[in-house]
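After this come two complexes, each holding chain A, first together with chain B and then together with chain C.
After this line comes the complex of A and B, so read on.
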């Protein structure tokens, strides 16, 4: 067991190093100069003033140093927990920007992904055994999954937000409120959270349900099921075994899903103007905010690695074969 | 063991959920009312009453990050205007200066300007506003990274004469530019800013802004900036002006579509977003208004130019440039791309507010219009012929001409316009391809002069056409052209005239016209830039909570309806004083 996790940790460590290095490299190979684009937005009318500011900010962000130096500085700062200062949201430290945005993104994505996974699997397993349900509701699942997410989100915002006026279309809580511990504020948070959540949930739900339904049908035709049935085992028991076998690929799917988690949030947060990591990324790219990009990607890399690790652990728990396979080592 | 994983996941979800909502409530509360002057008792429940709150958008595209009035490009909406004020106000539509923190200002000698300050103005921390603050603010410009540092190349000294009098001594009298400084520079409190290093001055977030203006900081979060009205704003007593909204909540938009949705839901009172379909909403019964109720709907704010790189062949040939100017079908852009939301520019490109500086006789003689036949004739006369029979001309030496017009990717209206320009150039036989690089890459290439053609609208409306000609003619051309003369056009005579224009007093309209007429002649003959259309001061208002918005209709205010950065001193603040609540208070 120890060797299994030791090896895993080593792989994760390497992945982290490579991913962070790539994150550092990519923005620097993008055409353009972040300081220059910041100043061209500044619209200062005097060329002389612009030149002085350009020199100042270039040396302030350390862009005047050789690349290898910048790279070493970057790791040095990173190990001290310093992600630098955002160019776009100058002079806010990147850590602050991310810390403020992360709760919203996680609050949106984690429930959406986990709930859709749980509900989708349950529903898929259930639907596999009901022909009428299989024929009527699953096509709907196909439609939901095949729907371009953007379109569904805009449709929801338009129908429930603008036409029906039930839900707000922007912000994380009412623009007339200040954060506080009260039912009214919690209600407002929930109200603003619902539409983006629902849009993510719906799209993911269809996918999980279809996957589970197919797996269950496959498992119910497997040899062990026939054997169990011939032994006279009750249907409930058979289904439970089938479900536990069918869930394995779904867990892998969940791990992958957690990987693209933030990418999914990007569109959601833009459509619903929800203040999370997603729209920070878009803005960081557009503004060539190297430091914010590095910070958000670092966060994503960490998130993906942690999620994968959790799934690795979960696999050991749910699949006895994994345990048996490393029994000797443990 | 068997059932553990099933419990595990919902538990994990629940745990994370509570962690998140906990985080969501605690994080923003760090931003609690350091403004100090006026705690909001009305907001006891944490809510801003709708009838006392003005909701705005369209300025802030990211979380508010600083309240530093010297950072004129990224301070939180309203930092200059609502908190920090300027010496004068300038109304571009009437071309009038209104004394604001200053009571009066005059040239008292050949190179001496004396400013009388308004008595009874106080900072929001209770300290009186005095000559020390003005002297301090202008002396900040001695720091190299302060954007108005170049002022000190022709300003010799700033002295306090007494508590309410300041004397400026110049080495060179750039009257036009000085008038611009008078209404553009936000005055900061010396007693608070004193002792700040250059780094703190330019790069400080200035979290507790203390100004003389009508509002103070209330709170902010990632998606909003909230200002609350301050008691004892000087203008109420001195000028009888009062801002009506108790709270101003400026909303950070992630997209114009979201702003449109909020506007329709009446969640916004004033939207400064570019909303392409707005003419339909104005005509329909949606309760949304713009400054004009017919084309172009908006007040003009800046000119979009087609800039040609005059250092490259064949754009270095004036006849070629004139052919391009005649080929571009601006009408198609105005109608087809914008649905008449913008106005076609005159040949000089001077905004309508500057009409009095346009010499119509020069325009009549040298101006250009869309005329494909003329474009073809100009090309033929200058030796551009189609030698290989592909319908597109080659240069007189027989070299193939294939040009690129670059526009930032994602700027959808400009991308469409670039396609129209490309199509209309083709009609005249010029091969111009629209190309959409990333904005940052475009800025790099444009500054370094590595482009053929580019669209640009960087220079905004201001008090003086000098700013406009400074943009068109500035010399010398540097290795990097960062803000002016991207086309790298060199004409010493034009630059001399531009500098002369700066030396004419703003009230000497005739003297200015004499110079602008000559500049227009050079500009129209040589066409270093091709003006295309006037962009609007995008602004949409709703009447559900606040009324008396500025419009072109009789009996309404005429100030620019906007909270855009650097527009509050051009009337945005005065617009707030004219607003009236629809009901109650």
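After this line comes the complex of A and C, so read on.
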């Protein structure tokens, strides 16, 4: 058991290192110069002043040092918990910018992932045993899961937001409000949350339902089911066993889908101008904000890795066969 | 009479029409009898075994009755049949190695199964019977994946007979085992009968040599019908049906060098059961066939306990 998790942790550590390095590299491959864009925003006309500001900013962000030095500095700062200063929202630290955005992204992602997984599995298992549902609703599942997140998001925004006018299509709360603890604000938050959530939920739901439906059909054909039925076991017991065994590949699927779902959430946020991490990434790219981009990526990588690790642990807990494979069995 | 089967007909539904896998089968199994049921692939032996406990989705009960201890079994009605399964008719399946839920500890699975059938947790009895087949009670705390194939098979034999069924169907239980384990399984099956854990037994197999060791009587099937039923010794040493004779003479014998005497097979193939020919179904391959074979021969008793479906057998 310890060796198994030791090996897992090593792999996760390595993944983290590589991902963070790539995240550091990507912004530096972008065309354009962040200091230049800051200077033009500052709108200073005197050439001497411009030059002084350029020197100041360049040394402040460390761009005057060679690349390898910048890379080492980056890791040094990272280990101290310092992600640098945002260029877009100068001089706010990147950490603060991200902390402000994270609740919105988590508020979208966590319910979308968990609810779609639970509901999709239940529905898929249910549909597998009813021919009419299997023939009518599951094709819809195929359409849903094949839909790109942002396309469904645009469709929902257009249909329920623009045409029907039921839901707002931009922001996390009404532009007329300030964040506060009140029922009105919570209501507005919920109203703005619904459409981005629904577009994430629906796409993922279709995928889980189809996967579960196939797994249940497979499990109900398995030998242990035939044996139980030959001994007259009631359908309730058989279904319970089949559901429990069919859910195992779905747990692995959850681990694999986490990254896709996070990416989906990022583009959905952009469609709805939802002030989460996806929105930050767009702003960071447009403003050549290296540090914000790095920081946001870092946070996403961390999130996906941690979630994957949790799923790994959960899998070991629910499937005795993995435990036997680790040599931990008595 | 423990089991009486009369004119049983079970068909498989396929896209090309009904496959008549069992086409009028009549026999009985006495209390305490172990009946071997032999035949080649497609002869209907497994279909017969399954028909007595659970028809699968493509099988259809077309006619005939099955009576066990004086009660007619509703074999065509899956739900009504549940009351009889496990308690009166039970099964050791062909796939015994994979018959246990891989994600439940065996003890827990057994108690959940018993509870679902309204039977109490018979822990003491369960442990006693595990001991009988040479397993310790520890297996109850194990997952099926932690046991060897042979151990799993024995566990399944214990579970299947836990409620002392009147009839046990053992479907190809030895096919997947090596020779030494086969003997052990055969001995266990006999022991279950001798101790009265099951009243009578049908052992479905294609291995006549093995069934000869287990069974009191052997029934040979051919193309959906019974060819011959006789006491085990009589069937092996003095078969009356030409098919049984050829089947037994095609078995290798110990001590014979087959370099010198080539092993004889039976030329030809069984008829299609989609649209089987009238009359005796073996007649196209039978060296003794004559005009009367176009008529279906009755499954007649030619000697005490010896039934043969052949015009030439009298």
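Some notes on this structure:
One rule holds in what follows: the second predicted complex is superposed on the first by the 307 of 330 C-alpha atoms of A that agree within 3 Å, B and C clash if a C-alpha of one lies under 4 Å from a C-alpha of the other, contacts with A are read in each partner's own complex, and residues count from 1 in each chain.
Rule of thumb we're sticking to: a contact is a pair of C-beta atoms (placed from the backbone, for glycine too) under 8 Å apart; a residue touches a chain by one contact, two chains touch by 3 or more.
This is a predicted model, so every value here is computed, not measured.
Per the definitions stated earlier, placing chain B and chain C onto a shared chain A by superposition produces no clash, and the two fit side by side. Of the two partner chains placed by superposition, only chain B is touched by A:165; chain C is not. For chain A, the partner with contacts to more residues, out of chain B and chain C, is B. Contacts of A:41 after superposition on the shared chain: chain B is touched, whereas chain C is not. Look at A:234: by the touch rule set out above, it reaches chain C but stays clear of chain B. Per the superposed model, the minimal spacing between any CA atom of chain B and any CA atom of chain C is 9 Å.
Where the contact sets of chain A with chain B and with chain C meet, they give residues 318. Within the complex, the chain C residues that touch chain A are 53-54, 56, 81-87, 90-91, 93, 95, 98-105, 112-113, 116-117, 143, 145-146, 156, 159-160. Across the complex, chain A meets chain B through its residues 30-34, 36-37, 39-54, 56, 60, 86, 88-92, 97, 99-104, 106-107, 110-111, 114-115, 117-118, 154, 157-158, 161-162, 165, 168-172, 174-182, 184-186, 189, 269-273, 275, 279, 283, 286, 288, 314, 317-318. Partner chain A is touched in their complex by these residues of chain B: 1, 4-5, 8-10, 12-13, 16-17, 19-21, 23-29, 43, 45-50, 53, 55, 61-63, 65-66, 71-74, 144-150, 153, 202-205, 219, 221-224, 226, 249, 251-255, 257-258, 261-262, 264-265, 267, 410, 437-444, 447, 458-460, 467, 470, 474, 478, 481-484. The touching residues of chain A, when paired with chain C in their complex, are 222-224, 226-234, 236-237, 241, 244-245, 248, 318-321, 324, 329.
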